[in-house]
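To keep things simple, chains are lettered A, B, C and D as they appear, and every chain counts its residues starting from 1.
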């Protein structure tokens, strides 16, 4: 298990430029915000698909770290995302992740993504992370 | 149909900062390069998952534009990606897209992603784009 | 909207041999049971993957019919399923579907599948159905 | 590695009733036929989605067995399928599988599905199998 503060610190070290903010992190769940700027938009004035995919992937990573501790080498093996509605251009996007299963070698979760404050999701993703077998050593040494 | 040059120009207008280069574009296929920099890396020194997802999504977009012309409002509805191997940190990643079907309202294709010059793919994606119904008017007015 | 009884009757007419039972059906959700027999098992004594995929697909179909009425020509366009645990061989499998979005032309939902009475899901699926444009006429004529 | 004949024999033992025929099996690839009967159809006279999913899953399984030998406990962990066109009701469906990667613990491949003799695919699937770690013992003992 890692706390919201530990995860935030870890992400800042490894992805210093990512416009990502951890809003909540607890075993089996996480809420992560992507701060939308001009750069994140696509034609039509909406947040781009890659931004939503980045957010989904990060929300899964944060929820896994919150569940099993800081495991830098956990890697995505599969991500499936459905885009549901155009996000609002002027709003951040927020990903709410619930882990479905965290096993010894694979962790699977889902993420609903919302334009900040809106009720209807703009995307839904399911993702699988592979957890390295020697994670106990790694987390012990962190 | 749009040429490689038209698509390159279009992408530069709408995504001026994207480190993306169209290497080939023909009806039903495209090859797109993502120029890897320090910013694209993740812990362990590998290209990050979101970079590969961005590349897959863009390669599909380019192949669709090459097939049906410049249709800005085509949007991704589903993307599924499997990550196969760690990309080489010091190499660009290249996505080779083949469209499987381009229908009136949906276009589906697949993308193999490689570290530049390597034989074994680092990721494989399948994606669906929704094509707006009034695309003829839009392309006529572009 | 169609009731549980109308959907059960419809499924019996079109899939007379399917070992499927609608347990609940309401707008945006459904619970469907697949009655496991010898035939549904695979090596190792577990329920086969295709049975779980059939159940996921059917649960989505039932939830959509419960939401928009009997629309025979609604067809799956995408299904993504993650298998989480071996189902118990001696138990039925039950799919609990929640629709995420039912739009004019596409309906997207997710299904958690359980061995009957167990707490941990054996599979999780996300699926998209395409809804034919002239559904009002069809449902009016049914 | 297992031959087409060994795989056919194995499948007959474990799935005696499956209307499946192995047409080709070689390392990293397979061609599998599903013999369509009245039972496989859905409203509108087309082959049902679950039949295509079963075929995709089986084609992957056959290609994996052809690559690493008879490993009964290999199990699907993820399957993603896009349905492209209505299959012809009166024709068998044929799945052509190419493995993308067969690693120590995960095997990933793709399957194009055709109505027998037709040129345009009716579906495309990508799937991942988990390979049990002690497969060498198992295959040695088979």
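In the analysis below, a residue touches a chain if its C-beta (ideal position, glycine included) is under 8 Å from a C-beta of that chain, and two chains touch if they have at least 3 such contacts.
As the structure is a computational prediction, the values presented were derived from the model and not from experiment.
Listed here as common contacts of chain C and chain D: A, B. With chains reduced to the mean position of their C-alpha atoms, the one farthest from chain B is C. Looking at which of B-C and A-C shares more C-beta pairs in contact, the answer is the pair A-C. One inter-chain figure worth recording: chain A and chain B are separated by 22 Å, centre to centre, where each centre is the mean of the chain's CA atoms. Mean C-alpha position of chain A lies 29 Å from that of chain C. Taking each chain's centre as the average of its CA atoms, chain B and chain C sit 33 Å apart. Within chain B, the positions touching two or more other chains are listed as 77-78, 80, 82, 128.
Those residues of chain D that touch chain B in the shared complex are 78, 80, 82, 84-85, 100-101, 108, 110, 112, 120-121, 124, 126, 128. Chain D meets chain A in the complex at residues 77-78, 80, 105-106, 128. Remark: chain B residues 14-15, 17, 39, 42-44, 49-50, 53-54, 57-58, 72-73, 75-83, 86 touch chain A in the complex.
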